[in-house]
Amino acid sequence: MKGHVLIKKLLLTGATGSMGTAIRPLLAALAETVVVSGRRDITDLMPHEESRKASLDSADDVLRAVDGCDAIIHLGGYSVEGPFHPIMQANILGLYNIYEAARANGMPRILFASSNHVVGYHPQAEVLDNTALPRPDSLYGVSKVFGEALARFYFEKFGQQTAILRIGSCFDKPVDHRMLSTWLSYRDFVAFARAAFTVPVLGCPIVYGASANDRSFWDNSKSNYLGWQPQDNAEAYLAEVLQAVPNPDPNDPLHLFQGGKFTDIPILKEGNHD
Amino acid sequence: MKGHVLIKKLLLTGATGSMGTAIRPLLAALAETVVVSGRRDITDLMPHEESRKASLDSADDVLRAVDGCDAIIHLGGYSVEGPFHPIMQANILGLYNIYEAARANGMPRILFASSNHVVGYHPQAEVLDNTALPRPDSLYGVSKVFGEALARFYFEKFGQQTAILRIGSCFDKPVDHRMLSTWLSYRDFVAFARAAFTVPVLGCPIVYGASANDRSFWDNSKSNYLGWQPQDNAEAYLAEVLQAVPNPDPNDPLHLFQGGKFTDIPILKEGNHD
Amino acid sequence: MKGHVLIKKLLLTGATGSMGTAIRPLLAALAETVVVSGRRDITDLMPHEESRKASLDSADDVLRAVDGCDAIIHLGGYSVEGPFHPIMQANILGLYNIYEAARANGMPRILFASSNHVVGYHPQAEVLDNTALPRPDSLYGVSKVFGEALARFYFEKFGQQTAILRIGSCFDKPVDHRMLSTWLSYRDFVAFARAAFTVPVLGCPIVYGASANDRSFWDNSKSNYLGWQPQDNAEAYLAEVLQAVPNPDPNDPLHLFQGGKFTDIPILKEGNHD
Amino acid sequence: MKGHVLIKKLLLTGATGSMGTAIRPLLAALAETVVVSGRRDITDLMPHEESRKASLDSADDVLRAVDGCDAIIHLGGYSVEGPFHPIMQANILGLYNIYEAARANGMPRILFASSNHVVGYHPQAEVLDNTALPRPDSLYGVSKVFGEALARFYFEKFGQQTAILRIGSCFDKPVDHRMLSTWLSYRDFVAFARAAFTVPVLGCPIVYGASANDRSFWDNSKSNYLGWQPQDNAEAYLAEVLQAVPNPDPNDPLHLFQGGKFTDIPILKEGNHD
Amino acid sequence: MKGHVLIKKLLLTGATGSMGTAIRPLLAALAETVVVSGRRDITDLMPHEESRKASLDSADDVLRAVDGCDAIIHLGGYSVEGPFHPIMQANILGLYNIYEAARANGMPRILFASSNHVVGYHPQAEVLDNTALPRPDSLYGVSKVFGEALARFYFEKFGQQTAILRIGSCFDKPVDHRMLSTWLSYRDFVAFARAAFTVPVLGCPIVYGASANDRSFWDNSKSNYLGWQPQDNAEAYLAEVLQAVPNPDPNDPLHLFQGGKFTDIPILKEGNHD
Amino acid sequence: MKGHVLIKKLLLTGATGSMGTAIRPLLAALAETVVVSGRRDITDLMPHEESRKASLDSADDVLRAVDGCDAIIHLGGYSVEGPFHPIMQANILGLYNIYEAARANGMPRILFASSNHVVGYHPQAEVLDNTALPRPDSLYGVSKVFGEALARFYFEKFGQQTAILRIGSCFDKPVDHRMLSTWLSYRDFVAFARAAFTVPVLGCPIVYGASANDRSFWDNSKSNYLGWQPQDNAEAYLAEVLQAVPNPDPNDPLHLFQGGKFTDIPILKEGNHD
C-alpha cells in the first residue's frame, strides 16, 4: 500500500545526525515536503526536501524552521552523554524553543525523540510499561526527563499533542546482545510517526521505541490505541550477534541495567569531552 | 473444522434487531436448535430455528422464551440512547426477567450483550482492561452498568454463569476511524459465544467485544483463560475508511472519548425521541 | 464550633425513615431551611423545617420537592432487600427523577446514600478502597450500583457533583460484631454532609460511610481531600456488644461477607414480602 | 538453525522421571555433555551423556552430581502430592543440597522446576502474572513455595541466578480440558532452558511454564526480556480432547481451581501412599 | 478494662524462649488456662498455667501439646539464623506437626509467629504492605516463607484459620535505630493475639508485627478489619537509642535492608554454629 | 526535648527568600553552624550563622557555598512561575551546580525543595502518593521535574542521598481554601529536615510537603520509614479562612487542579515579567 499522505510540510530536526540521515529517504511516504533541519546546511536534497539550518538554542532559528510546518519529528539535540552545558543548550533550551515555535504555528503534532535513558537504571531483568518511574542514567537522560515533562505541560495547558517515543537503539541492525532487546528499525520508526500523525486524537502518550523484538524490555500495551504494529524483530540478527559476541560478559555494564553502558559513564566536563 | 455442538437449544433474544439478524445464520454452528426471539414474530425461519415472540418487560413472555434452553445470547433490549422509561423497561426490568427465567430453568449460561458505553467517558487515548471503573456515557450505558451488576449478583448468590461482553461496534465492517478501534466482526462475536459456552468453567468475566484490531482501546488479557482469539482486524478496512473520511476532525466528539458520539447526546424525553 | 451555614435550603428525602428521623434534628446546623420529604406528610416540623410530600416515582412530585433547594441529602427509596418492582420504582426510576429535577434546578450538590451492599460479597477479611469492584449482595445492592453509575454519568455529562456515600450501618449504636466494623454514627454522617457541601470542588467521590472504627473494613484515604474526619468509634460499644453476643458464630452469614445477612436473603417476590 | 551451544556440561536431575526421559534427547542441542542424574543408574546413555546417580537428600551425592557442571536443569524430587516426609527430604533438603553444591561450584545457572501448584488455589477464571500471591494446593505445592524462596535467597545473598519455571502440564500432549490451558510441550520447555542459559543476565525470574496456548491462565509478559517464545499451542489438540471428554463436568475439581485435581487430594500419610 | 476471656485452653509453644518467657504473665488475660510448652519442662508455673514439654519434630509430642486447646500461639522453633538441618526439623517438620495436630483437634485458631526476615531483602527506604513479594534474608527467613505457605494451604484446603504475624523485634524496648522502626512491645503482641482470637472471622491474614512506631517500614492497613490498634511507639525511646548509638553508620548492614544484620550472615554449617 | 544536633555545618540556600527568612531562626536546633546563602549578602546574622553570597548559576559561587558543609537545605532558585531563561539558569543550571559541588564535598545529604507544581495538573478531587505521574502546571513546575530527575540520577550513579520534598504552601498560615489542603507550617518543615538528616539511611524519597491537614491531597504513607510526623493542621485556621473567603468560587482555577492558580498563568516572556 502506498500510504496515505496527510502532511503537507513535515519538519525533521536533527536531519544531519546519523539517525536523521538514515530515515530521510523514508519520509517521502509521510509528507509532501520534508523540511530537513540541522546545525549544518544540507545540500544533498531530494526533490521533496527543503533545508532550513537552525541552531536549537536560537529561538529565531527554530521559529524559522517550524514556520508553516504541520508536523514535527524532533530528533535534534544532543543524543549521547556529554558535558552539561551543551546538553542544556540543545535539549532543554532547544526544546523550549521548539515548543514555543510550535505554539506560535498552530501547534502541529510533535514526535519527540525521548530515550530509554530516562529509565536507564531499571534492571534489564524487568519489563517496563509507561508508568515506570524515571530513573535516568546520564545527564543526557535527565535532559530527556525534562523534555517529557515539557511536552506534558504544553499538552495540559495548551492542548499541544506530542508522541513521546523513548527510543531504544535506532540503527541499521542490532550489533550486541542488549540491542536484541532495544533495537528499533528505521521502518518501524517511520511507521510509528505515521501512526502518531494520523490517529484522530493523539494525546501525549509515552511509548517505548523498539521493534517487535522477542526479548524486549518494554510493554507498549497501554498505548495500543495508536495502532502501531512494529514489523521487525531483532532476533533475526541473533546469529550475527552471536558471531560477533559469542560469550557476553554478565558483569559488563552493558547487561546490568536497561541503559547499558550509559550507566558507566562519569560526569563529563567540557574540557575532557571530544 | 465443523465445530463441536454442545448446545441443544440456544435462545437468541433481540433476534429482530440488525445485529441479531446478521448473526442468525452463524448460530447453526453452535446449537442444534436456535430459539429466535424478538418483539415481532419471525417468519423467515431457517430449519434449525424456532420463533418465540417476547416482550422483555413481560415476565411471562420471557419465561416462555427461556423454557428448555440450555444457553442464552441476550442481545435484546434497547441498544442505543433513548428516553429513560423504555430503557428501564427493556434493559432493567427486562434483564431481571431474563435472570429470573434462567434461574427457573436450571441456570443456562448467558452471554450478556453489555456495551462499551459503560466505560464511554474514558478517553480514547487510554487502554482499558476489565478493572476500569464504570464511566457510562448515556442512560443506555447506565442501564448496562445495572445489567453487569445484576449478572454479578446472580453469579455470587446462585452460581449463574454469565459472559459479559462489552460490545464495541458490531457491524458488517468499520466505517469510521473510531470503528478501526472498536469494530467486532460477526464471526468473532460467534467465536466468543462458542468459547463462553464451551469452556468448562466460565465464571462471570467482563470482556471487551472487539476484533483483533491494531488500534484497539481494550486489553482482554485478564480473560485470556476463555481462549477466545478473534480473527478479524479492522485495519483491513483502513483504505475504505480513509476514502470515506480522509480528514477526521480531532474535535469531533466521535474521537474524544471511547463512547464516541454517545457522549454528545442530550437526555432524551419520550416526546422528542423517534 | 457553631459551624458555617452556607446552605439556604437543604432537601432531605427519606425524612420519614428511621435514619432520616434520627438526623433531622442535626441538620439545623447545616442549612437555614430543611425541606423534609417522604411518602407521608410530616407534621412534627421544627421551626427551620418545611414539609414536601413526594413519591419518588413521580417526576412531578420530585420536581416540586427539589424546587429552590441548593443541596440535597437523598436518603429516600428502598433501603433494604425487597421485591424487584418496588425497588426499581423507588431506587431506579426515583433516582432518575431526582437527577432530572436537580438538573432543572441548577444542579445543587447531592449526597447520595449508596450502600455497602454494592460491595457486599467481598469477604470481611478484606479491606476495600473506592476502586473495589462492585459485588452486590441483593437486588437492593444492584439498584445502588445503578445509582452510583447514574451519579457518575450526570457528573461526566453535566458537571453535576455528587458525594456517593456507601453507608455501612447508620443506627444509634452498634449492636452486633459486624457493626463494630460498619457502624456510622449520626453525627459522623452529618459531618460528612457538611464536608461534601462546603469543599470548594466536590467532584463525584465514592466514600465508605463508617465512623472511625478500629475494625473498619474500609479505607477512605483516596477521598481524604474532602477533609471528613469521623469522630466516633464503634469499639466504644464493645462491652455492650459482647454482653449481647458473647460467642459470635463464625458460620453465621453475618460474618462471612461484608454485606452480612443480605447475602443470605433469597429473591423476594411481591407476594411474599411484608 | 542448528542453535548456539554455550554449555559444556549440563546437569539434568530427575533424569529417570517421565519428563526427564522425554526431554533427554532434546538436550544435545543445548550442551556438549549432559550429566543425567536420578535415583537409579541410567544405562541407555546417548553419546553426549554421562550418568551420575544421586539421592537428593545426600549432600555428598549432590555435590558429586553438580561437580564441573556449568548449568543445571533441576527436575529432581517429588513431582506429585505425597506424604510430607519424603517430600521434605527430596524437595526441601534436596533443594538445599543443590544450592549448596552450586555455590561450591561457581554458581552455574539453575533452571528450577517449580510448579503451577504453588498457585493452585487461584480459580481457573483468573489470569495470573508473576506477582500473584502463593496459594499452594498441596504439600507438594508448599514444598515448591519453599524452593522458590530458597532460589530467591541465594540470588539476593550470593548472586546465584535461577530461572523459576512454574510448570503447568509437561506431557506429550494435552489430554483433558485443563491441559488445553496448562500444557507445556517438551520443545517449548527446552527452548525456555536455552533462553534462560543464554540471556546475558538472567536474574531470578518467575515464569509460568505453558506453551502458547489460546486458553492459558497465565501471563508471562513481565519476564518477556528472556525472549522465550513458545511455539506450540494446546488448541491444536482440541478435537482429540473433545473426543475423549465430550462433556466436561463443571463441578469436577479438575476445573475449579488452577491446580485441578490436586485441590481434591487429602493429606497423605506414609502408610497410605503407594 | 479487664478483657473478655473467650479461650479456655491456650497453647503457647516456645514458652521457654525469651519472648515466650516475657509474654507468659500477660496471657492470663486471654485464656483460663495456658499450656506452656517448650523443649524443657517448665517448673515456675503460674496458677493458670500447665506445662507440656514437646519437641516440635515429634508428631506425638506435638499432638499431646495441642490436645484440648482451643487456640495456639506458635512461637516455637528456631528464631534466628542457623544451620539448615535444625531449622528444617524445627520450623518445617515442626510446623507440619503443629498443623496436623490442630487438624486432629478441631482446628483451633493459630497465631503463627512468622518474621520480618521473609521480606528482609527489601530496602529500609521502602514501605511494605502484605502484598510485598517474599525476599528472605536467611535460611531462617526461607523457613518462615514455608510456614506462611503451609498456613495458607491449610486455610484453603481445610478452613484452618491462622493469623500470620511477621514479627519485627519483640523485646523489652528498642535498642538501636533499626528497632525504632521494627520494635513490637509485648503488650502490643498480646493485643494482637486477642484481636486474632476474638474477631468473628479471622481468615488467614498476613500482618506485620510492629508497634505504632513513627518510623515503621510497614503498612498494615490491608488487615485493618482485625481491629488491632497497637499502643506503643518506639520513638519514646529515641533519646536512649541516641545515647547508645549517637552516630549510626549508614554502611552498616543493620541499616541497608529491612532484615538488618541477617543479610550479612553467611550460610552456617552445623559444625560452626554454637 | 532540646533535640539531637548531628550536623556541624548546614547550608541553607535561598536564605534571603521569604521561606528562608522564616525558617532561619528554627535551624539552630538542627546544626551548630548554619551557612546562610542567597543572592544578596546577609547582614543580620545570628550567632550560629555565617553568610556566603552565591549566584546559583555560578559553579564557583556554589562550590564556595557548599564547602565544608555536611548537610544542605536547598530552597534557592526561582520559586514561582516566570520566564524560561532565568528559571533555567537558577533551577536547572543552578541545581546541577549544587549537585556537582556536593559531589566534590563528600556528598552531604540534600533536602531539595521541589514543589507540588510538578503534579499541579492532577485534580484536587484526587489523592496522590509518590508514584503519581508528573503533570507540571508551569515552566517552574517543569524545572522541578528536572530537579527531581537530577537528584535521582546522582543517587543511582553516585549514592548521593536526597530528600525530595514537594512543598505545598509554606507560609505563616493558610489564607484560602486550597491552603487548607496544602499548607506546610515552618516547624513541620524543620521537623522534616531533622528526619531526613538523621535517619540512618535516607535513600532518595519523594515526600509531599504538607502539615497534618484534614483535607490533604497527598498520602505520604510510602515514605513513612522516615518517621516524619507533622504536628500542625490547617483546619485550625478554618474560621479565619471562611471569614476571608466565605463563598469560594468552584470555577476559580484556584480550586480545579492541585496547582491552583499556576494552571492559569500564561507563558511569561522576559519583557513582560516584573
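Things to note:
Labels for the chains are A, B, C, D, E and F, by order of writing; each one numbers its residues from 1.
Here, a contact is a pair of C-beta atoms (placed from the backbone, for glycine too) under 8 Å apart; a residue touches a chain by one contact, two chains touch by 3 or more.
These are the chains along with the protein names UniProt gives them: A, B, C, D, E, F = Uronate dehydrogenase.
Note that this is a predicted model, so its numbers are computed, not measured.
Counting hops only between chains that touch, chain D reaches chain F in a minimum of 2.
Legend: contact pairs of E-F compared by residue number with A-F, C-E or B-C; the interface matching in over half of them is C-E.
Residue numbering at the chain A/chain F interface overlaps substantially, since over half of the positions present are found in both copies. Rounded to whole angstrom, the centroid-to-centroid distance between chain D and chain E, based on C-alpha atoms, equals 33 Å.
Centre-to-centre spacing of chain B and chain E amounts to 52 Å, using the average Cα coordinate of each chain. The distance from the centre of chain C to the centre of chain F, each centre being the mean of the chain's C-alpha atoms, comes to 41 Å. Within chain A, the positions touching two or more other chains are listed as 221. A list of each chain pair in contact follows: A-B, A-D, A-F, B-C, B-D, C-E, C-F, D-E, E-F.
Contacts from chain B toward chain C in the complex involve residues 84-85, 88, 92-93, 96, 100, 103, 118, 121, 131, 133-139, 141-142, 145-146, 148-150, 152-153, 156-157, 263, 267.
On the side of chain D, the complex with chain A involves touching residues 1, 4, 6, 199-205, 221-229.
Residues 123-127, 177-178, 180-181, 213-217, 219, 221, 235, 238-239, 242, 246-250, 252, 254-256 of chain A are the ones touching chain D in the complex.
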